[in-house]
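Just below sit the structures, each encoded as structure tokens.
Consider the two complexes below, in which chain A is the common component and chain B and chain C are the respective partners.
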Partner chain A sequence: MTTATTDPSTSARRSVIGRRVLPYAMLSPAVLVTLAIVFFPMVQTAWMSLHEYVLFRPKDFNWVGLGNFKAALADEVFWISLRHTAIWMLTTIPAQLFLGLVTALLLNQDFWWRPIARALIIIPWALPSVVIALMWSWIYDSNYGVANEFLLRLGVIQQAVPWLANPDTALASIILTLTWQGFPFFAVMILAGLQSIPASYYEAASIDGASAWRQFWHITLPGIAGVMMTAVLLRMIWVANSFDVIFVMTGGGPGYATHTLPLYAFIKARTNLDFGYGSSIAVLFTIMLMVVVVFYLRRTRKAMD
Partner chain B sequence: MALRKPSRLKRIVTVEIPMLAILVFTLGPYLWMFITSVSPEETLFTTGPSLLNATFENYARLFNTVGFSDNLIDSFIVAVGTVIVGLSLSVTAAYAFSRFNFKGKRILMLQFLLINMFPLVLLILPLFVLMRMLGLLDTHVALIIANSTIAIPFSIWMMVSYINGIPRSLDEAAMTDGCTRLQALRRVVLPLCMPGIIATGIYIFITSWNEYLYALTLGGRDVRTITVAVQTLIGEYEVQWGLLTSGGIVGALPATVLFLIVQKRLISGLTQGAVKG
Partner chain C sequence: MKTSKFLGIASALALLSSAAYADSTVRFWYHFDNADNPMDEIVAKFEAENPGIKVEAENIPWNSYYDQLYTSIVGGNAPDAAMVKLFAQPRLIELGALQPIDDYLANWDGAANIEDGLIDLVKGGDGAQYYLPVQYVALYLYYRADMLAELDLDVPTTCEEFRDVAKALTRDTDGDGQTDVYGFGFRGAKGGHDHWGTFVLGAEGVSLTDGLTSEAGIAGTQFVADLFQKDKVFPLSAPNDGFQEIIGAFKAGRTAMTIHHIGSANGMVEALGDKVSAAPVPVCGGGSWTAFGDESTAVFANAEDPDAAFKWISFLSSEGNNTKFNEATGQLPVVKADAANWTLHPARFVEATQNSVAAAQLLPSSSATSDFVNTVWPTNMQRVLIGEISAEEMNANIDALFSE
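Take a look at the complex of A and B:
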């Protein structure tokens, strides 16, 4: 930008132009690539959703307008999947949040093996979802799984339960797995929030004679509310989208017992090769998720003010 | 937290025992998988998994007969490729976001945040169609491109927070001494945020290593990453849990080890934005 010119005025003008152009020049590689590999494909999904497009008939790409969307709304499996998605989000996220909060509060205490505990607690987060699905399938195994053996010994159940093969328990079993996978994220985020609360607040409160519970309610919770809301938002999006664990553990079955919307869209495209219909479900799901996110942001912002 | 120190016993009951219970819940499944993987296959269904007569025959089978080493190489190529693409594209972008004020900055930053919010299933179908059109199906390039959709926005986000931590006065000092912007970036800012760059790179490596759905859809035959290989094992060796769990351990090991190494720096980078804003 500032090549060694003798005339100071040209050099100054150049640097002004440089300052204008430079940011865009530095940004353009990343922006162009994301346009090409993220935004262009997204537009393509929307475009495909308006067509009848089955992959083994590549010549047929017929405009059907909103036909796929109408078909989806009349599709029983769509509503089943939607219900499961709702159940799934409304149970997994609160469970993760609660367990994460408890873990973070414990990790914020002083005990000699705290650094080890803090490092180990995050392990589930680093594992590949396929491996998570594999190990929980082994735990839930109906013949030799440790879950059955454990509960039989305790006398909670009278006979072995095929956790993943039984439509009544499959969704709950997967929800437990997902809770296990996701709560360390909350623990880590909330712990960071806890550590940003100045110790002097607690000192002042205990001089004033506030009980531990009142300290938690009036200092700790307001102090971590912001972090918790961000974490819930990120997690909501993540939980709604993640279907790889379900896909490997049950493939959406038995029957449609563990179908969620993104999984249904994926299966439609992957096994039926029906890309038009799959895309329309993906688009519908995205719109619904956006509505939920916007609603959530509005509510929490109001609560924060 | 409190001013007076609680008694040792009270701390054990209210803090250490609950913490231990949560740790057992967290690590139990992983340890159980490991114990299963070193148990001899014959005893698995009679006496159950145990550490007595531990054996590594499952691991030997994994590499000798199942051919896991090829999958490890595929995963490695894809993950390293994604790290290179993700980091190289985002360093300059993050610098621009951190140091300049320009028209459209907010919108562009928002764009990179928003990308992470879109469901993966929305991208996976068109990317498949696109790769098929370009003849890239079942190549490393396809998987690197697909993983970059996640890696680029993520590393920009992380990198902005690391570069923000380096005082502007340092770049200005370098430029007064005759450096250009890009030289200041390369000679002053980059070396200073090297630890952050390494942590971001390792995190990208882990997510690409762990990625499954793209690897399954866009690869699968010639290029079969470790996650797809583990899933195929489940189909092929349905009840041989010794072999399956050893596959799981091998698949998870690189990511786990790397994660334990960088977790501290990574978490401070990740949570900084959330705590502040």
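Take a look at the complex of A and C:
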């Protein structure tokens, strides 16, 4: 007579397999969704970049190999946009980091309205980009803008300046807007880092006679280095890719004065409907950004070690 | 409990009956600037007159109207019918997105009531009829009659007079050293090709497809650049100014002249009363050019029920309904009887439009026209205005686009 009892070794094996499979089974819905909405479009973009594909001629999907990439590298606007992207990243992120750091240090002090200040500081970060872009467009307006009115009254300028219509000031004006929008992110992240530094470190340093500056340099900065590194990495990717504020404020103009690479890729694909060429610019930019990110991670890891 | 059950069953039945009642649905896309528009009212009237057809009208923001339309066509989710402009027709034909309506028109009594020549004007490049006109305008010059009177100036009728008048109107009115009024509100951003066209395309032998790189063509673009750089008669923000900016500046008294159509007349009168008037654009280079602002409706090739879709678009271009439609857009009706009884705009603006129609031109029926309007013209014009490229280079770039 056979019994229903199972071999203990079999049941152990089953439970091991179950334990191994379960995590994958639990993860698979998320992985499948990510594959569908992130990786599939990425692969599709890479595939389109190797073709001549103009949306209003959907039947012509001709293989051109690296033709679009060659054309992009020979395109004057590509290089103008790349230069602006570099300026955009190299000024916006340090400015946001610096402002965020100062704000976080201030918000870490004791004062009675600190909770209100902490809540207020998040407002620029919480506002939608389009609202921010429209708001700042009016601030910069050369006819009615408060920026000109303010500077004229102070006597800093003698004539109203068309901040967004002048190629010398347009990009800088948008960078200022984005700095304002993004610094609360750094402030909040760094503030969290500051609060994780034990107060006893500062007490010990004071007893040893360390000045406020020495305390900042030897305790505060190393204490928030990890947070800052992550925050800079995230912002680097977000700022590089963000073009909504530029698109609303100037549409990339005047001329190409505020064109960045993501904006140029968008205009080529969405407005000119040239998806092949637009995709090739997006692919080139992704590769460049990856190189920057890998370089940054290596350097900062070394510094952290 | 009983009441809620009863209500539940009743609403389910009501839903079922309405779904069964609508034999076909027409998905219609349109773009009205004013969100508070009478489209629901028009749809309700149509549905009452045509039981069995349901219209789902969707107001799409103008800025991304064509981006969304093209994407929806390629994505296989195009509407059944939509408002469309002529510049988009070549691309839509190339996409195979439009349904020919020649047969429908032949059997439709209302066709004879449309203003003469309009239906032919919007015929497709391949000879078939896809578009049914629904409204039209011709661009003209808005001017501040009070400012001209104050300075004892006449309305400019030529480019030379225009330059002199614009210079005289550009003034520091309060003596603080700042220019308070600019002579002309120029649209340097997307859509401003209509302004540029007046100064360039009127010249003899110059059009977008021919003669643009000639001496006369280049002189026209240079004239625009000089108005901004040398004469300083445009606001400093002109390179980036779009529709909102030029209309806003004119209403606020920051500019004394600008070019637009009757669609903005009522807003102007509301802000400025009798101080604003209109006249045909000046003659430049020996000829006159202004833009014909067209708007039609079309049935799309993928329409589930093309008969119902045509019924709906023809309803919009029929007597009475066309007036209602144009009350929302502020443009002029295409139906003869509606035009004869038109009272929405003050007569001086209707007259300026009628006097401008003779010089009104359409953009070339070419696939390149969309790129010209959306990117090539604005980018090149802005680069000329900020001194990055010359007038000659700009005209050569546009010429190259249309020669491709």
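By our rule, the second predicted complex is superposed on the first by the 288 of 305 C-alpha atoms of A that agree within 3 Å, B and C clash if a C-alpha of one lies under 4 Å from a C-alpha of the other, contacts with A are read in each partner's own complex, and residues count from 1 in each chain.
Here, contacts are C-beta pairs under 8 Å (C-beta built on N, C-alpha and C of every residue); 3 or more make two chains touch, one makes a residue touch a chain.
Nothing here was measured: the structure is a model prediction, and the numbers come from that model.
Student: Look at A:A257 in the shared chain and tell me whether it touches chain B only, chain C only, both, or neither; answer first, second, both or neither.
Tutor: second
Student: Of the two partner chains, chain B (first) and chain C (second), which one does A:A160 touch, if any: first, second, both, or neither?
Tutor: Only chain C; A:A160 stays clear of chain B.
Student: Would you mind checking which one, chain B or chain C, touches more residues on chain A?
Tutor: B
Student: In the superposed arrangement, which partner chain does A:V38 touch: chain B (first), chain C (second), both, or neither?
Tutor: Touch partner of A:V38: chain B, not chain C.
Student: On the A-aligned overlay, A:F111 touches which partner chain: chain B = first, chain C = second, or both, or neither?
Tutor: The first partner, chain B, only.
Student: Looking at the overlay, what does A:I122 touch: chain B (first), chain C (second), both, or neither?
Tutor: After superposing on A, A:I122 lies in contact with chain B but is clear of chain C.
Student: Taking the superposition on A as described, I'd like to know which of chain B and chain C A:F56 touches: first, second, both or neither.
Tutor: It touches chain C, and chain B stays clear.
Student: Does the superposition put A:V283 against chain B (first), chain C (second), both, or neither?
Tutor: first
Student: In the overlaid three-chain picture, which partner chain does A:L297 touch, first (chain B) or second (chain C), both, or neither?
Tutor: neither
Student: Quick check on the superposed pair: does A:R270 touch chain B, chain C, both, or neither? Answer first, second, both or neither.
Tutor: both
Student: Same chain A residues contacting chain B and chain C, which ones?
Tutor: On chain A, the residues that contact chain B in one structure and chain C in the other are 141, 143-144, 270.
Student: Can you list the residues on chain A that touch chain B in the complex?
Tutor: Residues of chain A touching chain B: 1-2, 18-20, 22-24, 26-27, 29-31, 33-34, 37-38, 40-42, 44-45, 48, 99, 102-103, 106-111, 113, 117, 119-131, 134-139, 141, 143-144, 146, 149, 180, 184, 188-189, 192-193, 196, 199, 202-203, 206-207, 212, 215, 226-227, 230-231, 237, 240-241, 243-244, 247-248, 262, 265-266, 269-270, 275, 278-279, 282-283, 285-286, 289-290, 293.
Student: Under the stated contact criterion, what part of chain A meets chain C in this complex?
Tutor: Listed in rising order, the residues of chain A that touch chain C are 55-58, 141-144, 152, 158-162, 164-167, 250-257, 267, 270-273.
Student: Quick check: in the complex, which residue numbers of chain B touch chain A?
Tutor: 1-3, 11, 15-16, 18-19, 22-23, 25-27, 29-30, 32-33, 36, 44-45, 48, 89-90, 92-93, 95-97, 100, 102, 105, 108, 111-112, 115-130, 145-146, 148-149, 152-153, 156, 180-182, 206, 209-213, 217, 226-228, 230-231, 234, 241, 244-245, 247-248, 251-252, 255-256, 258-260, 263, 267-268, 270-271, 274-275, 277
Student: Name, in rising order, each residue of chain C that touches chain A in their complex.
Tutor: 67, 70-71, 74, 91, 94-95, 177-178, 188-190, 235-241, 249, 252, 254, 367, 371, 374-375, 378-379, 382-383, 385-386, 388-389
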